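Next come the structures, one after another.
Each of the two complexes below includes subunit A, the first together with subunit B, the second together with subunit C.
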Partner chain A sequence: METLEIRRTAAGRAPGTKGHAITGVVASGNLEVLLERVLSDTQCEVTVKTSVEGFGDVWRAVIDDFVERHSPGGLRISINDGGARPDTVSLRLAQGVRLMEVDG
Partner chain B sequence: MPEWRRQQIERESRLEAGRRFSDGKVFAAKDTTALLEAVIRPGDRVCLEGDNQKQADHLATALAGADGSRLHDLHIVQSGLVLSAHLDLFTKGIASKLDFSYSGPQGAAIARALYAGRIQLGAIHTYIELFARYFVDLTPQIALIAAVSGDREGNLYTGPNTEDTPTIVEATHFKSGIVIAQVNKLADRVPRVDIPGDRIDFVVEAPTPFYVEPLFTRDPAQITDTQILMAMLAIKGIYAEYGIQRLNHGIGYGTAAIELLLPTFGESLGLKGKVATHWALNPHPTLIPAIESGWVKQIHCFGSEVGMDDYIRARPDVYFTGADGSLRSNRAFCQTAGLYACDLFIGSTLQIDLAANSSTVTPERIPGFGGAPNMGSDAHGRRHPSNAWLKAGREATEAHPGMVRGRKLVVQLLETFGDKMVPAFVEELASVEFARRMKLELVPVMIYGDDVTHIVTEEGIANLLLCRTAEEREQAIRGVAGFTSVGRARDRKMVESLRSRGVIRRPEDLDIDPLDANRHLLAARSIKDLVKWSGGLYRPPGKFRNW
Partner chain C sequence: MKAPLTKYRTGSWYEATGRERVAGLLDTGSFTEFIGPEKREVSPHLARFDLPEAFDDGIIIGRGTIKGREVLLAAQEGRFMGGTFGEVHGAKLTGLLRYARGHQDAPRVVMLLLDTGGVRLQEANAGELAVAEIIRAILDARIAGVAVIALVGGRAGCFGGGGIIAGCCSRIVISEQGRISVSGPEVIETNMGVEEFDSRDRPLVWRTTGGKTRRLLGGADAYAEDNIASFREAAINLLDRIPAFDLDTMAQEQARLARRLEKFGRCQDTPEIWQAMGIAEPDRIADLPDEDFDRIAHAQKEANHDAR
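So, the complex of A and B:
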C-alpha cells in the first residue's frame, strides 16, 4: 500500500454547487473516487491510496493533466485505487468533476 | 521434342497410386496416411486447408503421422497455421519450408521452431497476397481441404464456412494438382454444391467433424468504460464526420463497443441510415442489436461464426445465403471487398510507433497478419468516388482540388496501455528486433504508418491526414499516447497548437460527456442480451454461456 498526497493550483472553481460526489468501485483494475467541495476556489488536493507501489510519477502526470483539462478548483479528492490503468483514472476523475456539476 | 504435358502425366501416376486405397474417389479414414504417402512426393507444395474457422484437422493429423523417410521437405503454403499437427509436420521433418498468413494460437510455437531452425520461412503474407501467389509462384501440387458434406462424385458442401476452399481448389485443380477432401459426412446428395465434384480427386469421411473455433465473439460483459469512451469518439469524430457507410471492423472489444453503441449513442446523434450500412465483416454477434434496429443493409462475410447459423438463415436480406438457406462466405472475395469497396477500416493493434507503423509480432510470438493489412491499406487501384473517400483525400493534400485522389480511412483504435500496463505506444516496434534476430529482409509490419489516417485512444483522436510534416505526425501521435513514456515526452506547446487546428480532438472538443462513457450505453451488456436481441436465433457456444 502506498499513499500519495498531491496539491495543485487550478485555474478556477469546479463548476456546479454539489458538496460531494463518489464514482467508481474499489476492484481490481478499477478505483473509487470521492470528491468534496471543501477548499478555496483555486486549491485542489488529491490523496491516492494505491495497492500498486512505485508509480508516483505516473500519478502526478495524470493529476497534472486532469487539473489542466478540468480545472477542479475547490475540490479535495480521495482515491482508493485497486491497480487501475492511467486511462481509467483519468476517466473516473473526469466523471467525478461532471458529477459535482450535475443535479441529483 | 519438348514435353508439354508433364504435369498431367505426373498427376495421372499420383492418382493411380492413390486409387490403390480408394473405391472410386472415396477412401476410408484408417487409410488416410497410406493414401497421402502414395499421392504426395517429397518437396511438394502442400496446402493443408487451415482457414480462420474451418480446419482440415483429420488430414493434418494423418499427414503428421506419415513416414518421414518417404515424405520430407514439403513446402507448406496455407493461410492459417493454427493446429499443433501443423507444427508437428516441421518437428518431424516432413515439412521444412513455410509460407503462411496467420498463426494465432500457434504464434509462440512458430517463433520457437524458427529459432530452432526447423522452419525455413518464406514470408508472412496477408490473405489475398498468399492467394494471389497460389496463381503465380506458390501453386500447390496438393490441396488437403475440409467440407461439411460430400457425395461419392466429390461434390462438396462447405456449409457457412466456405472461406478459402474455392480459392485453394481453383489454384490446385486447374494446374494439374491433386485435391483431397475430408468431410464430416458422406451423403447421397449435398444440400448445395459449393465445389463441383470434378475438381475433387479423393474424399474421406473424417472420424470426427472438423474443428471450428468461435473467433469473432466478444462478450459485451467484458467491455470497459474506457472502450466505450473510445467508441463514442470513433462514432462521433469519424463515422459521423465522414459519413462512413461502407466499412470493415477488426475484431476486438473496442470495435465490439462501437457495434453495441450504434443503436444507442449513434441513434441519439441521428446517424441511423447515414453510417455503417454496408459491411465486409464476419458475422459478429455484437452487431445483432444494430441489425435488429434496422441500421444494417447488407454484410458480406469472410467466414461464419459459431452459433450464428440460425440467425443468418433468418436474415437473408442482410447476409449472402445459398439455395439451402445457409451463409455463403468467401475469404478471397470478402478481402477484395474490404480493400476496394470499403471506405473505412478500424482495428486495434499491439504496438504502434512514432510514424504510426503497427505490429503484433514480438520476438516471442508471431501471430501473422491475416487480413488486416488488406483492409487497413489504401487501395491505389481504386477509381470510384464516395464522399468519405474524397473528404479524406482532400484533407491529406493541399494539391489542386480538381486533381485530388481519395483516401481510405484507416483507423487504429487502441488503449494507451495494454494488458499488465504494457504501453501500446513505443519508440521502436518489437518486430524490428525480431527481424534483426531472424535476419529478415523485411520487418513484419501489420499496417504501415503512411496508410494510417486516424489514431483513436481514450485521450482523443489524432487525424494524421491533417499533418503536414513528419514532426507534426510524431507530435500528433504523442498527443494521444496518454501517460505512456511516448505520450509524456510530447512537446506540450506543439500538441496544443495541433489541437487548435483540429488535428487532435479531445472528448471535450467533441462535446462527449465522460458521464455517458458507461456500460449502460451498450445496447447489449451480456451474451444473454445478444440472444434476446436475436429472438433466440443466436445460439452461443458453451464457453460463452454463464446462465
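So, the complex of A and C:
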C-alpha cells in the first residue's frame, strides 16, 4: 500500500451545501471517493491510499486536472483505491463533486 | 437540485452497488445511515495484510421507509472483499439487529441485503464470531417480534455464514441470479474433487444453489426479477406475511425437512427433484422466463410453506 497526500488551491468553493458524500466501491480496478466539506473556501486536500505503488506522478496529474476543471474548494477528499485506471479516477472525482451539489 | 434516485429502481439488482440498492429499495430520500463512511470505522486487520480498506467496511446500515413503513436495513457491498464478514462489518450488523430487538421505538422490520462469500479470511476468527453473534441477534429479534427479511440477488451470492444467516431470517426474497448455500462451489470442488462438483459448470452451480432452485424447494419465499423495483415490490408484499417464530413452526420445519430428504434424497440433480414434485418439463425450469417461473412456484405446495 502507498499513501499520497496532495494539497492544492482551487479557484473557488465547490458548489452545494452537502456536508459529505461517497461514490464508488473498493474493488479491483475501482476506487471509493469520500468527500467532506471541512476546509476553507479555496483549499483542497486529497489523501490517496492505493494498492498499486509507484504511480504518484500520475495521481498528481489526474488531481491537478480535476482541481482545474471542477474547482473543488473546501473539500477534503479521501480515496481508497483498488488499482483504478486514471480515467476511472477522473470519473469518480467528477461524480463526487456532483453529489456534493445535491441537497440533504 | 434533487438527486434522480428513482432511476435506480429500473436498474439491475445484480449490477447495482450496495448504496444503489438501498437508495432504490427505500422510499426516495428516506434513508438515514448509521456509522456512515465519514466515521471511518475501517477494518483493524486489512492494513496488516497490505490490503485496501473501505470507509464503511463493506456494509451500509441505517433506517428509512418502504412504502411509508419504517424499516431498519443493512446492505452488504459484494464487490468489496466479496461482501465478507469482517470484525467491523459484522459488528455493524449485530448492533443494528440488537437495536431492533432492544428498543420499542425502533422499526419492527429489518431488511438484510445479503451479498457475501461468507467470513473474511484475513480476519477469520473475528468474522466467525461475528456470524455467530449475528445469528443469535436475528433469532433474539425474531423472538421479540421483529421481522427479518433477507434479499438475495447480488454478485457474490450468499455463501458460507451468509447462507446460514439467510436461513435464520423470517422471509427470503431471491432472484434467478441469487445463490444461497454454505460451502461455495469452489470450496466443494477443492475438498471433494471435480467429479463431485465442477465449480466451472455454471448451469450446475445455478441448478444447485440458484434462485429458481431455492424458490421451488421452498428455501426462499418470494421470487424477484433482477431489478430493484421487483425486489422492492416483493419485500413490500412479504411485510404482511411474516410467519410465527415458535415451537410449532420449528416442529413443522423439522418434519418438512425429514420428508424432503425421504422424497428427494436419492436424486442426483435438481430436474429429478422437479420431476418427483410433478412439475411438467423439469428440464425447462432453468430457461423459463421470470413470469412463467413465478406462476409455477406459486402453484407448488412444497414451495410455499411457513416452515421453510
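Just so we're on the same page, the second predicted complex is superposed on the first by the 103 of 104 C-alpha atoms of A that agree within 3 Å, B and C clash if a C-alpha of one lies under 4 Å from a C-alpha of the other, contacts with A are read in each partner's own complex, and residues count from 1 in each chain.
We take it that a contact is a pair of C-beta atoms (placed from the backbone, for glycine too) under 8 Å apart; a residue touches a chain by one contact, two chains touch by 3 or more.
No experiment lies behind these values; they were computed from the predicted model shown.
Under the clash rule set out above, the superposition-derived model of subunit A with subunit B and subunit C shows the two partners fitting side by side. Of the two partner chains placed by superposition, A:41 touches none, neither subunit B nor subunit C.
Within the superposed three-chain model, A:102 lies in touch with subunit B and with subunit C [touch as defined at top].
Of the two partner chains placed by the overlay, only subunit B lies in contact with A:87; subunit C stays clear of it. Applying the stated contact rule after C-alpha superposition, one finds that A:78 touches subunit C and leaves subunit B untouched. Rounded to the nearest 10, the superposed model shows the Cα centres of subunit B and subunit C diverging by 70 degrees about the centre of subunit A. In the superposition on chain A, contact is made by A:32 with subunit C only, not with subunit B. More residues of subunit A are touched by C (comparison of subunit B with subunit C).
Look at A:64: by the touch rule set out above, it reaches neither subunit B nor subunit C. By the touch criterion stated above, A:51 is placed in contact with subunit C alone, subunit B being left untouched. With the two structures overlaid on their shared chain A, subunit B and subunit C come no closer than 5 Å at the level of C-alpha atoms. Once the two complexes are overlaid on chain A, the subunit A residues touched by subunit B in the first and by subunit C in the second are 99, 102.
Of all the residues in subunit B, the ones that touch subunit A in their complex are 224-226, 229, 415-417, 421, 457-459, 482-483, 488, 506-508, 513-515, 517. Subunit A makes touch with subunit B in their complex at residues 58, 61-62, 65, 69, 85-88, 90-91, 94-95, 98-99, 102.
Residues 1-3, 17-19, 29, 36-38, 47, 50-56, 77, 79-80 of subunit C are the ones touching subunit A in the complex.
Touching subunit C in their complex are the following residues of subunit A: 1, 19-20, 22, 25-27, 30, 32, 34, 36, 49-51, 78, 80-82, 99, 101-104.
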